[in-house]
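Consider the two complexes below, in which chain A is the common component and chain B and chain C are the respective partners.
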Partner chain A sequence: MASQADFRDRQFLAVIGDEDSITGLLLAGIGHVTAPPDNQKNFLVVDAKTDTAAIEAAFEKFTTERKDIGIVLINQHIADRIRHRVDTYTQAFPTVLEIPSKDHPYDPEKDSVLRRVRRLFGE
Partner chain B sequence: MSGAGDREAVFPTRQSLGIMKAKLKGAETGHSLLKRKSEALTKRFREITRRIDEAKRKMGRVMQIASLSLAEVTYAVGGNIGYQIQESAKSARFRIRAKQENVSGVLLPAFESYLTEGNNDFAMTGLGKGGQQVQRCRETYARAVEALVELASLQTAFVILDEVIKVVNRRVNAIEHVIIPRTENTIKYINSELDELDREEFYRLKKVANKKHRDTAAADAEMKQKKEELAASGEENQAPEPEDAEPTDMLAADEDEDVIF
Partner chain C sequence: MSTQPHPTETIDTLLEHYLALLDEYTALRAALNTLQAAMYQSLARANFSAERGVRHYGRDYYDARMQALRRVRSGGGGGGGGAPVVVFTVGGPSPGGKEAATAATDEAEPMAEKEAASVGGDGDDDEKQKEERSEEESGTDNDNDNAEKKPQPVDPLRWFGILTPPALRQVQGQAIKAVEDIIPRLATLSAEMAGVELEVRRARKRRAKAERAEEKRIVELEDKMGEVNVSV
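Then we have the complex of A and B:
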């Protein structure tokens, strides 16, 4: 279980997504770059050329390394590429949320959390 | 299997019987409390899952509208603004903070979004043209992110509750199926052992009583015989010595004479 101190200072959102999703979310004002020495961005733009290892590394960084991120948003079609990682991620913090993208409509059947919901209701 | 079942290693004494009874009572109280807790959590859990389902569907719609407004921006600005925006993002305006809610002793975090004042990374975006669309797009996306944050807190609560309910149910089952039967077995075992001891004790007492009875009967018979013999011999020489009878019946004898010095 998450301890109290664990989520006190989690105040940012992180995004892994295609360019359009990132642009929109950054416009909403969630983008953050840490202080100059390491300059870590809290978003990762993924296109067809980005290889899966880079996505996994970013996912790893956002979920385990950084302690200031409370929610990780990830496009569903990108989550599909690292599906095993997303499905085996069961921690409460940070929360991983699959979001639809412009080119890929949202499919509730693939969502790891919704699948758990369905399984619990025995459907 | 009453005595042979799983039981705790205790000596069958009255004291441990008392301890076991107290333990059984405690286990039953704990079981009913945990059961109620689990029910309360499950109720909450079902509510949350229903809300997640709704929120996910809503998110799909909201994100669609947001994408549409972004497309408007791209059209109005005339070109892709993605790169420019990625480069100008510096400090988050839209942030979240976590607060806690207590549901039957379980702390559920809930995210709350807030806007920090004073920093605007995109002051120059859409300066040339399409500023209005950019503004609208920002608002749409801000609303979308709010919906996402709400969904995220529901999801966090879902994950935590899921875990807690599993733990609580495991405890309820452990008490119901392991601890209570075992304690009951122990109590049964102690009771049967104590009964056994009681029966042994009773038998022993009966034996002792029997023996005493037999002894007194034998002594009586002996005395009677002696008396008869005495009576027979007294008829012959009429001089029965009282000392003879004295030691056999000391208490029942006539009172001693007072001794005067």
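Then we have the complex of A and C:
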């Protein structure tokens, strides 16, 4: 089990999503840019031009490198592009949650938590 | 006599708890879908009714020095399956936080000035008090200067101008509801379910081990019975 120190400093939500999802969530006040010179954002706006490598790098940064992220939200259709990374992610912190986007409704078949459920029941 | 429950009973109890968590997870997922669909609809309405000059409420308006208003707080909680789990909550700045303290100082200053004015200069003691107060105030000003260097969190709605359409305010309300009520609970459930999965797997291993030991014992007993029959 994770120790108290593991999650005490994890105070931000991070988002990897399309522009509308990010705009909505930033309006809720979760956006944060760290102090200069780093200026690290806790979100990545993904559009048709964004490389899969950039998405993977952002996922890696939010889940492994940064120690101040508690929850990572990712649009499900974007998670599909790095499905192998999302499904093999097993760390307790940060927690990764897939969320629907405007053009891609939530599909339970692809949800990593529900995939775990199926594995537990031997399907 | 052993008081430990049978491994199968333990697994059944764990699975019962797991299914209850799964039920809540599924219900929250449905709620999040509905809320996000409404949020996207409101954002589309806001873009449709945008003022002249506003192309699209999006990344062009994000504040490059934004500071988080809502943060994750995680703490240990008791899992139903026996294992401790992490409970996530998301909330705005705490009442005792730095922002609140700064606001309180700002409010307190005019009060102090009023008090000083009402007391009036009646003697030396009052003058001394005034001097002390002015020193304190200058100290507070210095603190405020230091605080100003750090960007303070502002309402993200202000990034998009002063006269934002009501639909954009709706987007904000819906997003806050998702971020404060649904997402942290989903994260907690996901962590709790992972913990129960681990326990179920361990219990299954224990059961398999116990079954193997039982089979071995039966084989040994049968062998002994065979030896007794031969000697008779």
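Here is the rule we go by: the second predicted complex is superposed on the first by the 120 of 123 C-alpha atoms of A that agree within 3 Å, B and C clash if a C-alpha of one lies under 4 Å from a C-alpha of the other, contacts with A are read in each partner's own complex, and residues count from 1 in each chain.
Note that in this section a contact is a pair of C-beta atoms (placed from the backbone, for glycine too) under 8 Å apart; a residue touches a chain by one contact, two chains touch by 3 or more.
In this text, all values refer to a predicted model and were calculated from it rather than measured experimentally.
By the touch criterion stated above, A:100 is placed in contact with chain B and with chain C alike. Of the two partner chains placed by the overlay, chain B and chain C both lie in contact with A:33. Overlaid on A, the two complexes show chain B and chain C touching the same residues of chain A, namely 1-2, 4, 7-8, 10-13, 19-33, 42, 45, 70-71, 73, 92-93, 95, 97, 99-100, 102, 105-106, 108, 111, 113, 116-117, 120.
Partner chain A is touched in their complex by these residues of chain B: 49, 52-53, 56-57, 59-60, 63-64, 66-67, 69-71, 80-82, 85-86, 89-98, 100, 107, 109, 111, 115, 121-122, 125, 134, 137-138, 141-142, 144-145, 148-149, 151-153, 155-156, 158-160, 162-164. The residues of chain C lying in touch with chain A in their complex are 18, 22, 25-26, 29, 32-33, 36-37, 39-40, 43, 57-59, 62-76, 83-84, 86, 88, 90, 92, 150, 153, 155-157, 168, 171-172, 174-176, 178-180, 183-184, 186-187, 190-191, 193-194, 197, 200-201.
Here chain A touches chain B in the complex through residues 1-2, 4, 7-8, 10-13, 19-33, 41-43, 45, 70-71, 73, 90-93, 95, 97, 99-102, 105-106, 108, 111, 113-114, 116-117, 120-121, going by the rule given at the top.
Chain A meets chain C in the complex at residues 1-2, 4, 7-8, 10-13, 19-33, 35, 39, 42, 45, 70-71, 73, 92-93, 95, 97, 99-100, 102, 105-106, 108, 111, 113, 116-117, 120.
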